[in-house]
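Both complexes below contain chain A, partnered by chain B and then by chain C.
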Partner chain A sequence: MIRIIFSTLILSASIFAANAQEANAILQKMDEIMFSAKDISATQKIILIDKNGNEEVREATMLQKGTDMRMFRFTSPASQAGISVLSLPDDIMYLYLPAFGKERRIASSSKNQNFAGTDFSYDDLESKSFAAKYTAKLLKTESNAFILELIPKTPSDYSKIIINVNKTNYYPEKMEYYDKGNNKIKEATYNFKKLGKYWNTELVEMINFKKNHKTQMIMSDVKYDTGLTDDEFTVRKLKQ
Partner chain B sequence: MEKLAERIVKFRWVIIAFVLGLTLFLGYQLKNLHINADILSSLPENDPTALLYKNIGKQYGGNNIGMIVLETENVYETEVLKHIKQITDSLSIDSDVSSVTSMTNILDIKSSEWGIEIGKLIDEYNLPEGQAELDNLRNYIDSKDMYKESIVSADGTASLILFKLLHDADMRLAALRIKNRVNNLALPETLYFGGLPFLLTDITELIVSDMSVLIPVVFLIIALILLVSFRSLRGMFLPLLIAGITVIWTLGFMAILKFEISIISNTMPVALLAIGSAYTIHVLNSINLFSLKDRKKALLKALAYTIVPIILASLTTSIGFISFIFGAYLSIIRDFGIITSIGIVFALLLSIFFVPALLSGLSFYNKKDKKANKEKKDIITHGFLQPLIKILFKYPKRVLAIWLIIIAFSIVGVFMIKTSVNITEYFKADNPTRISENIMQKKFGGSLPVFVEFEGDIQEPEVLKMMIKTEEFIKQDPNIHSAQSVADLVEQMNYAMGEGEKIPDDKTKIEQLWFLLDGQDIMEQLVSYNLDKGIIQSKFASIETDEIDNFTNKMNKFIEENPGENYKINFTGIPPLYVKLNDSLVKSQYSSLIIAIILVFLIVAIIMRSLSEGVFATIPIIATVLFLLGFMGFTGIPLDIATVLVGSVAMGIGIDYSIHLITGYNTHMKEFGDTEKAIKETIMAKGNAIIINVLSVAAGFLVLVLSHIVPLKNFGLLIAISMVSSGLGALTLLPVILILAYRKKNNNKTV
Partner chain C sequence: MKRFFVHTIVILITSITINLKFGYAQTDDNKLKLSGTFTTDQRLLLKDDNDWAWNETRLSLKLDKKVTDNSKFHSDIWLRNIGLPNVLMSSDLYNKGIVDPYNLEIREAYVHVIGFVSDKMDLTIGRQRIVWGTADKLNPTDNLNPLDMEDILDFGRRRGSDALNLKYYLNNDYSMQAVFLPFFQPANLPAGIFANSLNPEMSFPEGLTIVGLSDTVLMPDYNLKKSSTAAFKFKGYAGGTDFSISYVWGIDGLPFNTRNELIPVTNPIVGIHVNSEVSFFRNHIIGADIATGIGGMGFWAEAALYLPTEDIHTITDMSAIIPNMIQDQAVLDKNKPYLKYIIGGDYFLPDGSYFNLQYMHGFVHERGSENLNDYFFMQYEKGFLNEKLKVAPIGGGFIVSDWKQLSNNYALVYMPSIKYQSSVNSDITLFTVLFDGKGENMFAKLKNFNMFILKFSYSF
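After this line comes the complex of A and B, so read on.
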């Protein structure tokens, strides 16, 4: 009897372990799809939509090398044209405001703040591997998607994120963000499209349920692996 | 009149069926009746200050802001910070809360030579520990105007947690749930809950508990008085039934017309129970009076005898309430006037049609009334009315002199009347809302919001500079401790960019600094979405009328002296609204009194077809109102949103006694042709009903003394006093005037 219970325990524990293993494998595959390009250059259109349906459009060019070097340069509206944000490894960020002609280092001690009026927090925009930040659990397998539950490894505003990962191509289709009271507070939906050998995030839409506010990020003119060098990601470049 | 009375008896079953049907229908409507405890929502739409205040509350979400104060010996302890974080977290996961601001999550912009740090005042995942870190935090907070006295009290013993509810949230349910949630954390510190969501919840609860306690008590007390007075179940049952149906009809009608129960109309059922029972008392009294053998005949005669005075009485009482429609600043006062006067008309219709119908239909005639009535009459008649008549005829001048002395004293008192508009004073001293408000006042420089709104392009340097100038100006007032606007944030950002703590002259610079502020929670509390409006938020610490007046005048002068092409400045807030409310209380007190006096005089004069009788009937009631106001002056009971009603209500109800007396006098004059005899007969015949009526109405209103809301307590007490005084006025002052007028006329004739 005891043996049966014991073996059931081991069995369920191993199912559990298998589940975790499988879930983490799926997450790693997703990371590969999302962050495999050596570098990207693209144009970003950011559309902010408030609860009354008012839209505000911003445009920027974006350069990214690896997962931790990124240059974001706003081109419109005119009042914000030239504002640039440079992100470097170890959470170092510089901001350049052309009207002042100076750069300032920005430390954002809290990554849960929203980036420039969007519904994305600095945390959401970080191109850091999901597998490194979260522990995954496979909730269920649907006909075209794996449903994963991600639990943050470090302190976060989120209690969990539920991700739908495409079963054939392993890109995320939807991410649901939950607060510590287990309320769904945000939801991101993704449109991926294959460009050459990479899957590109053509559109991400983030909805903030509490603010009733939406942000769409649309990427175009995407070029992969053009051989960007570290020189593109310096304070000197920021000011140009 | 007899014809009408006959018809009523003829169609009795139709009337009974109709009343029953309507009662069922209107009773069913009660489920749609809502309570609205928000006094501010009752501010007039046509007053620019009030309108601006309401709009700012809506636009910048200030009406949805709740506050929790955590009080302890020293806020700067890791343990305490942990608890503040716990509260913050438990609020931010509430589905109705859109944002929370506390010590543990407030935005902080630090700048140094190397750059800017936009972050949080405290790292919530790594709270300061050890004396050194805690001291640092304290010094840092003390050095920043933004935090001092706004998030932590100056003495470091209290911390404020602000939260904003979603627009579509049910404020009351959310407030209750949040209170529960936070109390369930079982924190060792003392917590206080404030702000509109909690205030309204508390008032709503007070209204509900007031209504559910007061109405049954009023019922019981009036029942007891009726039983003792009439010594018959019919005498007790009928007036209460009529009053009860009146209340159901009126509340049902309110629901259909989408009126809401307010902190004022909350008293309406009590008022209607007291007033509504009175008409039936008079009908029953006159039926008793004409206790003929043929009961039907008695009923008909009694009806004919009372219909006119009852119609007159209800008309004048309605006028007392209707007089609030003119000149009332708050719509809750106006609505109360409208609704209660509708209720009075219901009571009138019921006692004229339904009471006789019921009496004849159900053979509900008094069976053993004769003997009982005689006995009871003997007590009031021998014990009070007969001696009274003797005194009145023996010493009419002395009685008049006593009244004149009382009136003279009262006039002195009228000049001592104070006003009270501070909503927190409307609660008893041990009420949690009042305690919270006091703490807010003591620790965080008051809780009376002050707003200065700027219209214009908020990113224009000129506008932002003017905002800073205005802030500096208002901070000079000793009652203003802090002020906040987007201009402060722009200055801080400019400093962080290394260009000093000032507004840049170049608009592009401002637009680019804005990039860093965009999307921060605080922005929507300070600027409009289109950036065409922005506000300075501040708090005023005093509720003294002259200090508020002084500040309001200073502000208006400042705005006048600082015009600009690119902006317009508007000033609002609770302090200037209190000034207006205060003015309006005094104004509407006098205007509604004057309107009521004139209308009452006109109606009595027209129906009696006699100017002098109009004057005679109004004199006792004017004396009563003066006595009442004088009483308020001497006892320090202030004029407030409820007591402002007393004068006109007292007048509307009190005039009834004079009307009953005068109509009786007229009837008996026709009968005997002799004034003295007519007066005697009238007092004997009507005195009874008047005394019962005074007692039941006064006792009914006196029950309001049990109310949790201070103005209502005072209101009940004052109405009770004025009932007694107007009853006495009708039974002493009025006869004395009639006697003296008659004697003078006689003397003139003999001369």
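After this line comes the complex of A and C, so read on.
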């Protein structure tokens, strides 16, 4: 009897380990798809849609290098133009508000705040691979997608994220964000399109269920591997 | 020394010319961009007949132009109607500046050159705001630009200075900055109903009635030695903390009362006329600041040690009334540096509301260790309607000018506000400002000026 229990435990542990291994491998593959280019520069159209369907349009430029450097800068409307966020390795994020004339490091308590009225938090905009931020568990495999549960490795407002990863191409199709009370608070859906040799996030739509509000981010003028250097991702550049 | 400056200026001009000439590449980005903000700021007192306390209509025009691939021009010009008609005589009605007061102000106008001489160095030349310090709005180390105290409720506002500003980036984490301001620009003092808020109480022997006041401002000589300011700053990031140390050799933009002469007058009434002199003095200022995150909270601390370069006295000459009666009162001792500092933090609560608390020792106009008051500022703000509506039910400060006699030396400022984003580029803000207090401090003097404020702004 003891032998059976022992064997069952070993088997369960092995299955669990294999599951985790497979889940993490899927997540890493997803990261490779999302961060496959050496660098990206693009224009983003951001549409804020309230519960009555009223739209507010904003525009921004985005530069990204590798998995952990991103510069995001609003170009319109006039009230937001110049507001910029720089995301660097080791969870470092800077915010630049032109009205104050100086940069400010974003405190970790504010990373869960919505960025400039969008439904994306500073944390969502952070440039960091999912495998580095979350531990993955494979919940199930559907005909077209792997369903993973992601648990944050460091303190976060999210208790978990349920993510659908395309089974063929490994890009994310949907992410469901849950709060500490296990309530689904946000949902992001992704439209990917192949652009040259890379899968490009053409559209991301984030729905905030608490606020009954959604934000669409539409990428255009996407350029890959233009040779962006680390100098583009500095506080010096943030203020320019 | 003179030759050194001439050589330096020639080298700078040559280098700028080379940078601008060889970096040029005409594209659509080189077009002149116009943006700006229209703001109207209306305030009325809450007592009696609700007298109008402030009227300002401001057009802030920003012009930006990419000059070359590595340089840009930026300017910020304020065109304003400010104040109420101040018509005293019929001839004033012919003067539009009195009937409808207006002014034009170049807040900033500079060229910023990236990669000046070295790839790692930037130069900014022209009228510019050089913001130092990590604290929120109230920065003891922010001493390069002259104070703009016109609206004392707009804490931390400073004007631009004509300056040469060189910044050398050692890497992404460390930089050095050297700033040179060739001439001195004094602070401008509070306007309108705030005009007397900074004036100290004048005390004279009993029985003397002041029937007239006049003063003379002794400005420093306008030459490089007497009126220039030089400053240096080293900024870095280590162990999760942003920090900087700085040094300023500059003239305090607020003057000191250095001499009062009391002259008896008998016509039309018996009393004294006071002739005063005010002068500006130079300081060495050593500053340091840090900003970091502790337990999810943003935390900052900033301090500036002021070292006067000479002893400052107020001489009161009453010899015209009482023979040989001359009082000499020490105001600042060059051997007694004084420290101003601020400590603060902010936090976003789980419900998205924002909390900010700061403790400051020494407001911008206070000098000398025994004259520095304690200030506690607090703000709590919560957003609604997807952040379109922001309500700050808690906002303001508590000021103590003497802890030993607190009941007679304090001030309270309560500034709740509601801000509504009426469209993507416009917002409207309603404030109420309530003052109370006793004793010798700026905010206690404003207790008769409780007011309601309406601001509307539109960006384009």
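The rule is simple: the second predicted complex is superposed on the first by the 199 of 240 C-alpha atoms of A that agree within 3 Å, B and C clash if a C-alpha of one lies under 4 Å from a C-alpha of the other, contacts with A are read in each partner's own complex, and residues count from 1 in each chain.
In this text, contacts are C-beta pairs under 8 Å (C-beta built on N, C-alpha and C of every residue); 3 or more make two chains touch, one makes a residue touch a chain.
All values derive from a computational prediction rather than experimental measurement.
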| message | Touch test for A:G181: chain B only (first), chain C only (second), both, or neither? | response | first
| said: Contact-wise, after the overlay, does A:L95 reach chain B, chain C, both or neither (first, second, both, neither)? | reply: first
| message | Is A:I83 touching anything from chain B or chain C once the two structures are fitted on A? First, second, both or neither. | response | first
| request: Could you tell me if A:I162 is touching chain B, chain C, both of them or neither one (first, second, both, neither)? | output: neither
| request: Give one of first, second, both or neither to describe whether A:L238 is in contact with chain B, with chain C, with both, or with none. | output: neither
| request: Go through the superposed model and pick first if A:D230 touches only chain B, second if only chain C, both, or neither. | output: second
| field | chain B versus chain C as contact partner of A:I151, first or second or both or neither | value | neither
| said: Between chain B and chain C, whom does A:N54 touch in the aligned arrangement: first, second, both, or neither? | reply: first
| query | Across the two complexes, what residues of chain A are contacted by chain B and by chain C? | reply | 50, 79, 100, 102, 104-105, 107-110, 113-114, 117, 155, 211
| request: Show which residues of chain A lie in contact with chain B when the two form their complex. | output: 50, 54, 79-80, 83, 94-95, 97-100, 102, 104-110, 113-118, 155, 179-183, 210-211
| request: Would you mind writing out the residues of chain A in touch with chain C in their complex? | output: 48, 50, 56, 58, 77-79, 81, 88, 100-102, 104-105, 107-110, 112-114, 117, 155, 157, 211, 213, 230, 233-236, 240
| note | The answer for chain C against chain A in the complex is residues 35-37, 72, 112, 114, 122, 129, 131, 167, 169, 172, 175, 242, 291-293, 296-299, 346-348, 350, 352, 386-388, 424-427, 459-460
| field | Touching residues (chain side chain B, partner chain A) in the complex | value | 89-90, 92-95, 97-99, 114-120, 123-125, 166, 496-499, 506, 508-509, 511-513, 515-516, 518-520, 529
